[in-house]
Amino acid sequence: MAYPTAPLEVLGLWTGWLLMLMIYSYPLYKENIVFRWAEHTYIAVMLAVNLVMMVTNVNRIAIQPMLQGQIHYIIPIILGLAMYTLLVADYRWISRYPIAVLVGAGFGLGMRGVLIPNLLDQVVSTITPPAGGAAMDWFNFIYIAIGTICAVSYFLLTYEHTGALRYPTRLGRWFIMIGLGAYFGNTVLFRLSMLSGRAQFFLQVLKIIPM
Amino acid sequence: MSSETIWDKLQNIDRKVFYWILWIGLMIPFIRPIGLPISIAPSTRDLYNGLLTLEEGDVVWINIAFGVSAWIDCMPATVACTKVILRQGAKLIVVGAYTDADLSWDKLRNSVPDFDQLEYGKDYVYLGYYTGGEAVVAQIASDIRSVFPTDAYGTPLDELPLMKEVNSVHDIDMVLSGDTGDWGDYYMRQWASPYGIPMAEIGIAMLASSYMPFYKSGLLFGISSSSRGGAELEKLIGEPGEATVIMDALSVSHLMVIAAVLLANIGYFATRGRRR
Amino acid sequence: MSEVYKRELVYLVTAVITVIMFVEYFFLGTWQLAETLRTYATIIANIALGLGAITLVVSHAKKIQRRAAGVWAFSAWLLIFLAISFLSGLAGWAMTGSGQGNPMYDWFFRYVYTPLGQTLYPITGFYIFSACYRAFRARNIDAALLLIAGCFVILTNAPVGGAIWGGFPIIGRWFLDYGQVPGMRTFLIVGAFGMLAYGFRALLGRERGFYGEVAGGE
């Protein structure tokens, strides 16, 4: 992508650059007026984007089909509007019906969905020995099998972790810590990756590096 | 106060000093690139190899479930995968689960020159934004038209040649989900697991951890992790791009993190005896 | 009577829809009724998108009304800018079928929303760096294991790790491909059990938090 030349694009680029500095004035300096202004600007424009998307999408998936003869779409439209009774204390109970539809569909799909990929597949994968005979494959298989059993036992919250459960649960906590350590390492990658992108943008707008 | 050692002082550095060191440190590699080589993770290679199994005419569904904030993490890998998919002669359907999906689509469209040789509606389609969590993903699996009666530009699906034959998950040959959150779970639970449709994940780095068990159990055929995965895919297709450029900045910033951890622990153990 | 349609009937609706989803999955494969209900849920979720916006508008309007010190001017700006950008997007949609059809909205979308979105989230990068210095210490075996795994993964994710010592990416890759699997798999398994338990409680009307109910109240 080349550095823009159209005046509105250049203005946009510098606007974005200034807004970025305003936001970073908070961590790099302290909370101040320009940071709060930029923060409120973001909330405003994000809400506007959400609202515009809501209007266009509801029109596309509900209103237009209804106008074209699928009259029953009036039901979800009314139920959707009923959600807004949440804002009126006396009629708040009406909003429970659309919530019931969302919760019923959500739980029904979620519960039936987790059975195979999250439970069955994971158990099968844990206890399936490696096809090859390499020593490292067997080590990894035993590590994962023992680790998973011990870590799951750590979540046996209805029993006190004493007696026979004492050592497996303690070992399980170590396996969980290793997992969380790797997760933390990946979190560092994610956050610093995003920040690197901003540092790059900072230099690009100043034309110190090419865009 | 007079008994304060260097370690005590180091433990009490103002956090803003760290912020400034990081911010300036991140910029240096952009001005003076290092160009360190990168290795390819097995999960990324499997993702790439999986894409190479696509045949001409196969239909691939790309779910953009990341916003502009995660472009640097997920977009380079999405761009690289899109290039491979189109070069294999497969057809593409793109949807977006964030309200800024249109911007992400513009970015993807403009980052893949291959689109210029293809015809919209026949070779690729952008269906636009959708929401509704797991329910909407399950519903698309049974009937795409009930969620997307038209594409993002208002054209009825039946008027798009590509969509004439695509009605449900049975007409899709592969799914790629680019995620910052739960949408990958929804696709795994409602598409990949019940229908056996091949699926891969282009996620932020934490999802590479969370979804690793799915990759190990065979539900995902590949995972690309954050910008690192993007850089690996760029290397695999031989076209360095946005992710490759920031790898040096990642090297410097990650080194700084390691230095901070080491320094903190040396200080901790040096002063531990005295604290006791 | 009012309790019946304010509470019991609501729980019944949740239970019936949950059971319909089960029946479709375990016995029928596809069921038109389940599909229709999912479409309805999708439309409701879309319409509900505006709820957060309205709540926020009301909250900021109250701050302006109260002339809350140091706050109300920002709230006023928020509402003004929200109105300008929303109405411009609406005008664009009315004219062209897409909010981006309006040049003003499109400009806000590209040059205000995008850079701010890309800027706000990475702030945590600063915090994670200082947190590494302040909190990431090997105080006991648990913390040491977390630290060791974390450091190897950090040196694997960054190309510099391999440049320093070829063993870093090998060990770090092991942590990523195998070392973390027991922990992450456990979260999947116990999370699934948690979801099943929570779902069954909802099915039986025992779990009511998401209806906005509080213990003993409306």
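So that you can tell them apart, the chains are marked A, B and C in the order they are listed, and the count of residues begins at 1 in each.
Just so it is clear, contacts are C-beta pairs under 8 Å (C-beta built on N, C-alpha and C of every residue); 3 or more make two chains touch, one makes a residue touch a chain.
Given the structure is predicted, the values throughout are model-derived calculations rather than measurements.
Undergrad: For chain A and chain C, which third chains touch each of them?
TA: Shared contacts of chain A and chain C: B.
Undergrad: Nearest chain to the global Cα centroid?
TA: Going by the distance between chain centres and the overall C-alpha centre, it is A.
Undergrad: Could you state the distance in Å from the CA-based centre of chain A to that of chain C?
TA: Using C-alpha averages as centres, the distance is 5 Å.
Undergrad: With chain centres defined as C-alpha means, what is the inter-centre distance between chain A and chain B in Å?
TA: It comes to 12 Å between the two C-alpha centres.
Undergrad: Measuring from the mean C-alpha position of chain B to the mean C-alpha position of chain C, what distance in angstrom results?
TA: About 17 Å separates the centre of chain B from that of chain C.
Undergrad: Mind pulling the chain A residues that touch 2 or more other chains?
TA: Touching at least two other chains: 24, 27-28, 49-50, 53, 56-57, 61, 102, 105-106, 109-110, 114, 118, 122, 125, 144, 179, 182-183, 186-189, 192, 194-195, 197.
Undergrad: Residues touching two or more other chains, restricted to chain C: which are they?
TA: Those would be 25, 38-39, 41-43, 45-46, 49, 97-98, 109-110, 113-114, 117-118, 120-122, 125-126, 128-129, 132, 147, 150-151, 154, 157-158, 176, 180-181, 184-185, 187-188.
Undergrad: Which residue numbers or ranges of chain B touch two or more of the other chains?
TA: Those would be 19, 22-23, 69-72, 99-100, 130-131, 133, 135, 138, 146-147, 154, 194, 205, 208-210, 213-214, 216, 225-226, 228, 250, 253-254, 257.
Undergrad: How about chain C: which of its residues touch chain A in the complex?
TA: For this pair, the touching residues of chain C are 6-7, 10-11, 13-22, 25-26, 36-58, 74-75, 77-79, 81-82, 85-86, 89-90, 92-93, 97-99, 105, 107-129, 132, 141-143, 145-154, 156-158, 172, 175-176, 178-193, 195-196, 198-200, 202-203, 210-212, 218.
Undergrad: Within the complex, which stretch of chain B touches chain A?
TA: Those in contact with chain A are residues 16, 19-20, 22-23, 26-27, 30-31, 69-73, 99-100, 110, 128-131, 133-135, 138, 146-150, 154, 186, 188-190, 192-194, 204-206, 208-210, 213-214, 216-219, 225-228, 245-246, 249-250, 253-254, 257.
Undergrad: Which residues of chain A touch chain C once you look at their complex with the stated criterion?
TA: The touching residues are 8, 11-13, 15-17, 19-20, 23-24, 26-28, 36-58, 61-62, 72-73, 75-77, 79-81, 83-84, 86-87, 92-93, 95-112, 114-115, 118-119, 122-123, 125-126, 140, 143-144, 146-148, 150-152, 154-155, 172-189, 191-192, 194-195, 197-198, 201.
Undergrad: Where on chain B does chain C make contact in their complex?
TA: So the residues of chain B touching chain C come out as 13, 15, 18-19, 22-23, 36-39, 41-43, 67-72, 99-100, 102-103, 130-133, 135-136, 138-139, 142-143, 146-147, 152-154, 194, 205, 208-210, 212-214, 216, 225-226, 228, 247-248, 250-258, 260-261, 263-265, 268.
Undergrad: Could you list, by residue number, the parts of chain A that touch chain B in their complex?
TA: Contact set of chain A toward chain B: 1, 24, 27-29, 49-50, 53, 56-57, 60-61, 64-65, 102, 105-106, 109-110, 113-114, 116-118, 121-122, 124-125, 144, 179, 182-183, 186-190, 192-197, 199-200, 202-203, 208-209.
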